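Take a look at the structure below.
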Amino acid sequence: MEVFLFYTLAAILVVFAIFTVTARNPVRSALYLVSALLGMAGLFFLLKAEFVGAVQILVYVGGIMVLFLFVIMLVSVREVQGERRANRQWKTAVVLATVLSVELIFFVVGGADVFRTEAVKQGVITQIQTANTQNVGQMLYTNYLLPFEIASILLLVAMIGAVVLARKEL
Amino acid sequence: MTETLLVYAIIPFIKIAVIVLILSGAIAYLTLFERKLVAHIQVRLGPMRVGWHGLLQPIADGLKFILKEDIIPSKADALVFTIAPAISLIPAFVVFSVVPFGPPEMFEGLLRWSLGWFFDSATVESVAQNTLASGGFITDINIAVLFVLSVSSVGILGIILGGWASNSKYPLLGALRSSAQMVSYEVALGFSIIGVLLVAGSLSLVEIVQNQEKAHLWYVFVQPVAFALFFICGMAETNRLPFDLPEAETELVGGFHTEYSGFRFSLYFLAEYANMITISAVAVTLFWGGWLRPFPNVSWLAFLGLIPPVLWFLIKVFLFLYIFIWVRGTLPRFRFDQLMRYGWKVFLPVALGNVIVSAGVLLAFL
Amino acid sequence: MEEEATILDSKVLEVNMGPQHPSTHGVLRVKLKLDGERVLDAECIIGYLHRGVEKISENRSYIKCVPYYDRTDYIAAVSNVYGYLLGVEKLMGIEVPKRAQYIRIMMTEFNRISSHLLWLATHALDIGAMTIFLYCFREREEILKLFEALFGARLTTHAFRLGGLWKDLPPGFEQAARKFIDDFPYRVDEYEQILTKNRIWLDRTKGVGVISGEEAIEWGMSGPPLRGSTVAYDVRKARPYGGYEEFDFDIAVGENGDTYDRYLVRLQEMHQSRRIIQQVLDRLPEGSVHGKAPRIPKPPVGEYYSGIESPRGELGYYIVSDGSPQPFRVRIRPPTFVNLQTLRRLVKGHLVADVVALIGTLDIVLGEIDR
Amino acid sequence: MSEESKPEEVQKSAAPSKPARPGRPRPIKRGPSYEDLDDDLLFRKLKEKFTDGIVSGQSFLDQPIYTVSLNCLYDVMIYLKDSPEWDFDYLVDVTALDYLGDEKRFVVVYHLYSHKNRSLIRIKARAGEEELVPSVTSLWRTANWLEREVYDLFGIEFSGHPDLRRILLPEDWHGHPLRKDYDIKLQDQAWIKQHLRIRKTPM
């Protein structure tokens, strides 16, 4: 059952990811990206990381994609559609993609063992089923407080910067 | 094996089917209820022709919507135009998978009785004991509140995409308005919920209700500010007056659904009403004790327990829907800049303040 | 109009509001240039309802062209015909019996109330308050019933005849009229309860479309929009006609010249109209309502400008006679045509939602603007 | 119902016949006529200031009418608006009359009102078919649309108008309907054919 769901969701994810890149119309592209993100959230749910899954939908689909669409709608789609698909960076992209696929193949061939850290092998964290929201919260505010705060300040700075840029006169 | 199949597949499927059916009916009749109520507020009668006091009106409306010609504007993006209404409607239904209508042991008796015909007593016993099967909810996940928030946020996309795909100016303006409005008010909505979460200490809607029972107190009395915010922002999220700017018949003609007609339009229409029910149900669950009767701890009011929990839930939801419609019959509409100003400069700071004060009080005294 | 590109390079969006739009009160078309939701410029395009009433008048006898004036401003048909007939009567030196004069004033004031009620209904609806719409229609219905009793028609009343009225008040009319004016203040209180101190209503109307008195005069505004901007100009007081000088009433004046003040002015005017009707009913003289008028009027060579205070402002009929049975020229000075011109000035810098509120506050009737 | 309709019949039958005997000559006898304005202060002032520019000053039914020659119309208007003594701050109406057959066929008619003095006057100026009438839009903004309407319906052109286009009729319509030589049944058939797709409207 789980395996079946996993592959279904994975297929959705991959197919829509490809659509996202290949779609000519940016709004459709965004729509496919939403589908891909939902598939990914499904994978998170399947892995019992409900918190991450829900936050994924909330932040990416409900927040970021809405803002994306907001911007895309303001730009005339017809102009964008006529543009050339590939730009100057395509060679770099090919190189990177090759490296990534080699890595991926290596891991797939090398077996699932690669992903298993020592802790998992010894069975220490096989089950984090209960209350992972609490765990995440506690982690964030204890062990990782500094990075968390830095990230917050970074976002704040970015927000203020955006406001400053968007205002016509100060 | 039979147990697993029963608990995880068959019973949930039946529950889903029943809820979808009931919900669809409820939405349809909510439209009639709104028309009747608003009519009576406005010293007129509302639908009277179809059936007794217009009772069959929703069915007539539904038939009309289905039979109407299906128009896709020639300049529209057909694919997006087609699926956008569904994107808007589906999340409204999905949210109900985690909303509890009744206590965890609600269907225990029913299950025992009905399963007794087909299975041996051990199976019946274990299935009936499983809250997932016997509970008055489809599922109970430990991040239900987040789930509600995230799924309902997907519904916005339907409106935005619909407005864009129509390839017309009024819908585009409506879509822009709605995206700005929803993003703004979702923040305050989220923060208002956090107040409850702090008190309840759980993200599961079932547990939140159970905690209210244990505390002998509905959380609205602990978090009145949060409730007010939640309800106002909920109104904004559902595009109801005074926040119906994305539609605003008198300004944007119909906003994002200007170009929609027939069945597709009815999907948007239903989505709005489904969202109203969702917001009311979530508000009842978080703040008004869900399926609990009033004053669960006062013994001389025990006769209130004669009304089954699920009915209490429905009564409360109904009251909220009544308020929704009442407000619509009374207030004018905000202007866009005013809406944004209230959202960011009033509701968000108040919600943040509420969270900080709540957390402080909890830390200091508990 | 300079098209200033913003930093995000968002283009100026041009939106056609109307001629089919729920809030343009007919077939007004406004071309809006928008930056986001902010209005940069607005151009009114009118004429979709042009029927050439002035041209038709030149080809019909003085009496036969009266019904056309019912149909210019169909919301205030009574006062429209009133202005024209006053002009013709003046040109021909026809005496109108006192009783007919009083009844004319009463019906005109009833018409003012019904017109203002319709305005309030639609204006509130434009701003999103739906209930007030039906409340207003409830009262308007009562007035229309009175019209029907006296004129036999509700909307295009063809109310008055040259030299007087078609017929005297039907039995029971006075009681019905008294009942209406006795109830009316409480009904207006109901509207005020819903709107006057409503926070959202205040937000939507205060400070929207502010225009100073001097500027309003320069734009030629008249009627409630002018009085909302502190100018106490009312033709009924400035150049009394038809016997208005015999009645006591006050000119309602606003303070800031914004949409809210224009709303208050119109509410106040309804009260004042009620006062006039009260006085008419108290002092209604006996006698005939039929004046002595020829069947085919042939005014002597001459010209007359007959200006009256219609519910929307100064309505003028400039009638030029060349001694023949047909008018040489009838010029209708439509109040809303002139008031509407101000829209462009009023909406600049406001939002799309305000355009609707401002079209509403000018109280336009396209039948009169386009004629 | 029969009772109610009675007065109408009475009026119908009585009204024309009754006043026909004694009433017929009355309007002619007592009928108003144009009177020359001699003792009018404004007329004297105007005459002093503009001498020949003021063609005549008359009144009809107590409404003063000042006829001004076209070339000093604008100056008269400036004087009327800006002099503190008169202060005609309110342009009520702009319209025109078409006396077909006269040498200068059009008369442009202005109605001015002074809020200070509470007086209403009428200014008239004759204009030939080819003559340009000075626009008063710069004095009163009201004039903008009113002059556009006169242009639309009479074809009188205003010089110095910021935006002289048709206002009531479609922009590409031919003819000016309020001219006396424009028959009431006349229509721009070509326009109708093109835009409304009606082949021929009944004449």
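The letters A, B, C and D name the chains in turn, as written, and every chain counts its residues from 1.
Going forward, a contact is a pair of C-beta atoms (placed from the backbone, for glycine too) under 8 Å apart; a residue touches a chain by one contact, two chains touch by 3 or more.
Because the structure is a prediction, the values reported are computed rather than measured.
When every chain is represented by the mean of its C-alpha atoms, the one lying closest to the mean of all protein C-alpha atoms is C. The greatest centre-to-centre gap from chain B, using C-alpha centroids, is found for D.
Annotation: 28 Å between the Cα-based centres of chain A and chain B. Computed from the mean C-alpha positions, the centre of chain B lies at a distance of 64 Å from the centre of chain D. Once the centre of each chain is set as its mean CA position, chain A and chain D turn out to be 73 Å apart. Once the centre of each chain is set as its mean CA position, chain B and chain C turn out to be 46 Å apart. Residue positions of chain B touching 2 or more other chains, listed in rising order: 176. Counting only residues that touch two or more partner chains, chain D has none.
Those residues of chain C that touch chain D in the complex are listed here as 46-47, 50, 52, 54-56, 58-59, 90-94, 161, 163, 166-168, 170, 214, 217-220, 231, 233, 238-239, 290, 292-296, 298-305, 307, 314, 316, 318, 320, 328-329, 331, 333, 337-338, 341, 370-371.
Remark: chain A residues 25, 27-28, 31, 34, 38, 50-51, 54-58, 61-63, 65-67, 69-70, 73-74, 130-133 touch chain B in the complex. If you check the complex, the residues on chain D that touch chain C are 4, 7-8, 10-11, 15-16, 18-20, 23-24, 26-28, 30-34, 60-61, 63, 65, 89-93, 95, 97-98, 109, 111, 115, 118, 120, 122, 140-142, 144-146, 149, 153, 166-170, 177-178, 182, 184.
Listed in rising order, the residues of chain B touching chain A in the complex are 77, 79-80, 141-143, 146-147, 149-151, 153-154, 156-157, 160-161, 163-165, 172, 175-176, 179-180, 182-183, 186, 203. Here chain B touches chain C in the complex through residues 38, 41-44, 169-170, 173, 176-177, 241-242, 244-245, 248-253, 328-338, going by the rule given at the top.
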